[in-house]
Structure formats: structure tokens, C-alpha cells
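Comments concern the structure below.
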Amino acid sequence: MTPAPRFPVLLWLPAALAAAFFLLPLVGLCQRAPWSSLATRLASPAIRDALWLSLQCSAAATTLSLLFGLPLAAWLAAGSSRLRTAVRVLVTLPMVLPPVVGGVAMLLAYGRNGLIGSAAEPWLGFALPFTTPGVVLAETYVAMPFFVLAVEGGLRGLDPRYAEAAATLGAGPGRVFRTVTVPMLLPTLRSGLLLAWARALGEFGATITFAGNLAGATRTMPLAVYTALETDPDAAITLSLLMVGIAAAVLFPLRRHWLPSR
Amino acid sequence: MPLPLLRRLSLTTLTLLITLPGACTKPTPAAEKTMVFAAASLTAAFEELAEAFAQGHPGARLDLHFAGTPQLVLQLQEGAAVDVFASADQANMQKVVATGKTTAAPATFARNRLTIVVEKGNPKGIAGLADLSRQDLRVVLCGPEVPAGRYARQALDQAKVAVASRSDEPSVKAVVSKVALGEVDAGIVYVTDAAGAKDKVDAVAIADEQNVIASYPIVRLQCGHAEDPVGEQFVAFVLSAAGQAVLARHGFAAP
Amino acid sequence: MKLAADLHLRRGTLRLDAGFVVAPGSTVALLGPNGAGKTTALRCLAGLLRLDAGSITLGERRLDGGPDGPFVPPEHRGIGLLFQDHLLFPHRTALQNVAYGVRGASRKRARAIAGAWLERVGIATPELRPAQLSGGQAQRVALARALASNPSALLLDEPLAAIDASARFELRRLLREHLRAFPGPRLLVLHDIADALALADRLVVLEQGQVVQAGSINDLVCRPRSRYVADLLGVNSFVGDCRDGHVRLGAASLTVATATTGEVLVTVHPRAVSLFRSRPEGSPRNVWLAPVLGLEHQLERVRVELGGALPVVAEVTRAAVDELRLADGGEVWVAIKATELVVTAR
């Protein structure tokens, strides 16, 4: 066992402050939580609906991020050109934009009178805003960038010579991607998916703007927190604790996959 | 007293986290400024009022903060330093009175009425509240926790019209923008909101007997700067003839 | 099936203009200083780089004809490539790595073929992953993987460079055995002359992207055509100005048996440098007194490093070291016959 490098004393205080900065809001939530009525509150149909909807939509958004984000990330990582740079900026945009602005922009594109929304409505049979698929779309819009950028970084970090070795063994580009690139990328894919899922689960601004706020159809957990906050702060705190619990339950067992590997 | 501090931290953080970005400015005023919290539906009128007030009171500096009334109440309850609070309904005002921070009884300074907003040109031919139950229409209301949403449901109940709102929108502004974008065919907001957005949406009047009158109370709070006379002066100005004239221009009715 | 290459490629500061042929059943070692373009040449042959001009043919098949010609991608070339750092897929076992390249066989059959290859290279643990193998073992698996894909030609890029000394000898023996058994052309990139002597029939020396010399090891030892080649082979070399049978080398001068005029490379094998305790009588034309700087003991012989105006290395027997009392340092007489000096015009 080699001893861990000693931690510089000067950094103790700011490090402790940073940790406390994140800890205190959590402590506050717990302090204020209506513990006695927590069980009955959690069992209420409104919370159950919001929770179920949140889990479904975030899972769907994560799946979409994988199906479409992985090819996009692979293309971004496959070279460098102005077009790629432009597309990368485009993909990064939802990370920088306030989600509400993203929601408005989505309305302009995929809304009932949007650029392609008007054409897509007869084909889909419904308009996306105010529907559960609309929630999935809004969550995908904000979550996929995290996945794409993580995976592109992972792909660029891979030694390209493994793919070359596979090619000299007779594997074409498709087989190389399937049998060498993806398996070697697995840790990054896992952490990218977790990041995207976490972002989708917490999505609020784009969802309420694009998909609206309707119990059972588009009112996910964050929207339920927001709605409850204005009438019943205790319910908001209960919901917030529930979200903290879900995030901890999913992220803690998988910490090896989203923490940087040592 | 660690407990109130923790409470304050937790709820303020929660509020800030989920408040629409850009919808809120700093909740605490700069030392010499007077902080005014006002309901979102008062935005345009209060901006003009503050300008007119500043001309008569050269030394005074007002800091205006607009948001949905429930959100303002929450921030107030959690300790935001506010000198003047203007609510969109009496119920929320009662919550503020209950905090014991008010210096006098709230005074009603304006009234508002509901109206239906529709897409420009009224393509669906909506004539009144009764039409809103039509199956081919998509309608949104504010959520029931928002005063405008509660009034709208009250009006619909009185008229015995069943409407399935596509979404519980967080503010009247959100309703107007959904109608303006054509995402929905109609919404119910205050006449003042319809007037402010008349280049984007058309208003369809709601008959007097079906309408609900919203009354706006204003109050001076002591949690701001106790010795500062500006807050008191601003409340007086809003209630004065000059203030009422500004409100009338924005479509508000006299109290 | 002959591998013929005429490579022309610019990449960064490298300008590759090299042509060579590797006959079927023969092993050619590509040697050269760092940055000479050896690995680049190999990548061109494997199809990982495309030529700016020139051609690559394997048997009758044109693999690369420059920008306007045909280009066969690496997966269709049938050229096996062994990398310096083996590049075994980390997520596959040794057996799965070898089976990866087996073509046209069922999964079960591919595993059987892979297992047989692993046995042939002396790997008894097919279930281990690359991270669990030593460097030497990993390189054996990589060799098995390249051979199991049944290539028509075999390229090896510094196959011994990353292997530590203890495993190196055994791996070299194994490589030689499998290279001999491989029927197609074999091309190795190497930097160690001992490896080249052990594995290759012919040497091609690349400097700054150009072939400076190609031939058998004997050809190169007898007439090294560049200082790099001479140094590589442990041969003394000097660049000087030749006139009237004399080569001027700074302050020194050598008598040579040639009529060449102009700038020349003079080389002499260390064994042709004789040492004496006292000034020798007779025929040697080049005789001078030089200080002994150091001794380098090899298995049978000793290399003697000499200083002075013309620093050279002599190679003598152990008995001679004692006889001449070279271990004490001091000075000895150096003698080189004019006929032993190989003069090459530059």
C-alpha cells in the first residue's frame, strides 16, 4: 500500500465550504420535511402519477439519447471539419440555453404551427405539445447533449489503432464499430446514459413550456414540485425528498460508472 | 436560532432552483432601494407607475420584482426583504397578513375582469364561455393555485361550462404565449393581459353576469427598511388619482 | 506471391519515396533511424494510409494505385499486421482475440482454429484477458491472431521492442520459427541489428523516407553506404575529401587504394584495425599512435575504443588484450591496410 498523497492544508477550508454548500439544502429539506405525514403523502395518487410519469419519460428520453446520440457522437468523433464543429455547437446549445428558451424554440419547431410540427401532426395523429411524447421530446432535447458530448469525448480518447488492428484482421467499419469500438466504449456509454437520465429526470423548464403542466399526462415530478410549492410547500418538500431518494437509489449503486475511473 | 435559518435556506434554494430563469431578479434589494413585489399581471402598469412616481420623488429608487402571486408570497414567507407587496387576489394577501409583517390593513387599488383570448382573427369562431367546451377546441387555463386560474374555474363553474384544460399553466403570460403561438385555440386571462398583447391575440369578452372580478390589494410591509418613507409614498401614489389614471390606461377598473 | 511497393507519400515533415520488393518466402527487415518513415511505410502496405502516388501490388493484385488508381481497404487486403504493443482487444480473452480474425468458419470452428494457433505459439491459458498476460505472452497471442487470419503477407512493426530482455530471446526464436513457416512475403520493421540478423534474409535501410541501401547483411557489412548503416553494423566510418589516393579527414589523413575524387564515405570493419605495442614494420600504409579510451567486452572478442585525431574502434581477441596490456590504458599503435578501407563516393 502506498500512502495517499497528503492534502494541502490551504485547500481544506474551501473544500469543506463547497461540500457544506451542497449538504445544507439537503439538510434543510430533511429538517422541514413533514415526516409524520410522509407515508400518506407519498401514497397519494397525485405523487404516484407524477413519479410513474417521470420514470417512464426519463427512461424513454435516455433510450432516444442512446439510439440517436451514439451515431451522432460517432460521426462527431470520426474527424474534424467545420461542419462537425458547427454541429457540435448546435448539440451543446441546449446545455447553455435556459431550458425555457429551449422549450419555446421547440414549440416553434415541433409545435402545432411549428416548422415541422404542422406537417407531422396529421402523420402522428396528434400534436406533440401537451402530450406525454411531448415531455419525452423536451427531456431528450436537454438530456441528449450530455450523452453525446460524453460519448464523443470517450471515442476521441480511444486508441484508433485498435480499430485498425481489427481492420487488418478482416473486419469492415460496421463490424469494427460493433465489436471493438462499442465494447471498449462501454464505461463511457454507461456514465453518459446516467448523466442523460439524471438530467431528464430533473428537467423542468423545457417540459412546462413545450409540454405544459397537466396531471397524469405531462406533470412530471419537477412540475409537481413547482405546482405544489405555490399551494402546499410540505407537499413540495415531500416530492423533492422523493426525487433525492430516487437519484440516490440509482446513482449510488452505479457510482463506479459515472465517477471518473481511478 | 438555527432552525429558521435552515428553513429559510432550504425553501429559498428550492424556489430559486425551480423558478423560471429570468423571471426573478434578486430577492433582496440594494441598501437604499425600495423593494416592490407585484403580481405578474401588473407588470406593465407598475413599470409605468414606478416611472411616474420617480418623477415626483427624485431621491427615491424602486426595485420592481414581478412573478406569479403564490411565488411572491412564498419568497416573502421565506424572508425576502420587501417594502411593498401588490397581490392579484385577496387569498394570497391574507397569507401575507398572517405573517404579521404588514404595517396597516391592505387597500384594494384596482379591479380586473376575465376575458377569453383566441388566436388572431378568431379562426375558430369563439363567441363566449359556452363555446369553450367544444370538442374541437384546445383550451388552457392557469393552474388552480394561480389566482387567474382559480377565477377562470370559478367563472366556468358559474356558467356551467365543462372545460378540460390541456395544461395548468404557471402564469397568465404563459397562457397568452401558448395562444399566440397557436398551440392552443383559447385561454382565459385578465382583460389587462389581453390588452397588453392585442397585437398577438384577440380578446372575446365574457358576459358580465358570467365574469369574475379580481381585486388587487396593496400593502406596506415592515420587513424592508422601517424608517424608509418611500414605500409608504409609493402605496399612496398608487391609490392617488394620478396612479389610478395609469392603471385605467392599462385596462384596470377602479376599486 | 510477391509484395512490391513503390511508396510516395507526404505526411507532416516526412516525405516518403521508397520502393522495395519482398519475395514470397523471404523475410525483409526495414531498418532506419527514428522518423525515417518505417512505420508509415508499413501502414501504407496494410491499407491504413493511402498513397499520394506510386503503387502497391501483392501477387497480381493491385492494392493501391495512388489517388486515381484502385484502393483496397485494409479488411480486404489479406495482409496481417503485428503491432509493437500487440493491440489485443482488452475486452476479449486471448482465445476470442485470435478467433476474431478467423474467416469463413462457424463460431465453434473458429474457436478450434484459434485454440490450435495459441497452442502453436505456446499459450496454455486461452481464457485470460490481455491485462492478465505478460508482454511476451501478449505478443505471442498477437502473433497467433495475425497468423490465424490466414493472411497472404505478414507485416511486423517492431515486434520485440516492448518486450523485456528475459522474454525477448525466446520470443525471437518463436518469431523466426513462425516466419520461416509462413509461405508469403514477410516484412519487419526493426531497429536492433541483432534482431535483424536473427530474423531477416535481406535488409532495406530507410533514411528520411528514402531507401539508402538494400541487400543481404553481407552486402551491407562489406560496403555500408551511409554513416547510419555503418554505425548500425558497428563499422567505423568517416566522411572526408578524397584526392590522389588520400582522404583528408580534418587533421588526419588516410591512404586508400582507389582513384576516386571528391567527397567520400570511408568505412573499415573493426576487425581490420590492427593494434601493436610498438610501431609495426612492413606494408600497412596507415599507422599512427592513439590513446586507448575504453574496452567493451563481448562474448568472444573485445571492442577497443581509440581516441586521437582519428577515433576508431578496433576488435581484438581476449588474448590480444592481455598481450597488448590494453587494460592499463596508455597508447597503442594503430595500423590499417589501404586495401581494407572501403571508399564510397557520396
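A few notes on this one:
Read from first to last, the chains carry the letters A, B and C; within each, the first residue is number 1.
We take it that contacts are C-beta pairs under 8 Å (C-beta built on N, C-alpha and C of every residue); 3 or more make two chains touch, one makes a residue touch a chain.
Small disclaimer: the values here were computed from a predicted structure and weren't measured.
Chain centres were defined as the mean of their Cα atoms; on that basis the chain farthest from chain B turns out to be C. Among the chains present, the centre nearest to the common Cα mean is that of A. One simple way to say how far apart two chains are is to compare their mean CA positions; for chain A and chain C this gives 54 Å.
Annotation: 85 Å between the Cα-based centres of chain B and chain C.
With centres taken as mean Cα positions, chain B sits 33 Å from chain A. Considering their complex, residues 159, 161-162, 164-172, 179-180, 183-184, 186 of chain A touch chain C.
Those residues of chain B that touch chain A in the complex are listed here as 3, 6-7, 9-11, 13-15, 18, 20-22, 68, 70-71, 74, 138, 140, 143, 145-146, 165-170, 174, 177-178, 181-184. Put simply, chain A touches chain B in their complex at residues 24-25, 27-29, 31-32, 98-100, 104, 107-108, 111-113, 127, 129-130, 204-205, 208-209, 211-215, 218-219, 222, 225-227, 229-231, 233, 236-237, 240.
Within the complex formed with chain A, the chain C residues making contact are 46-48, 73-81, 83, 87, 89-91, 100-101, 103, 145-146, 149.
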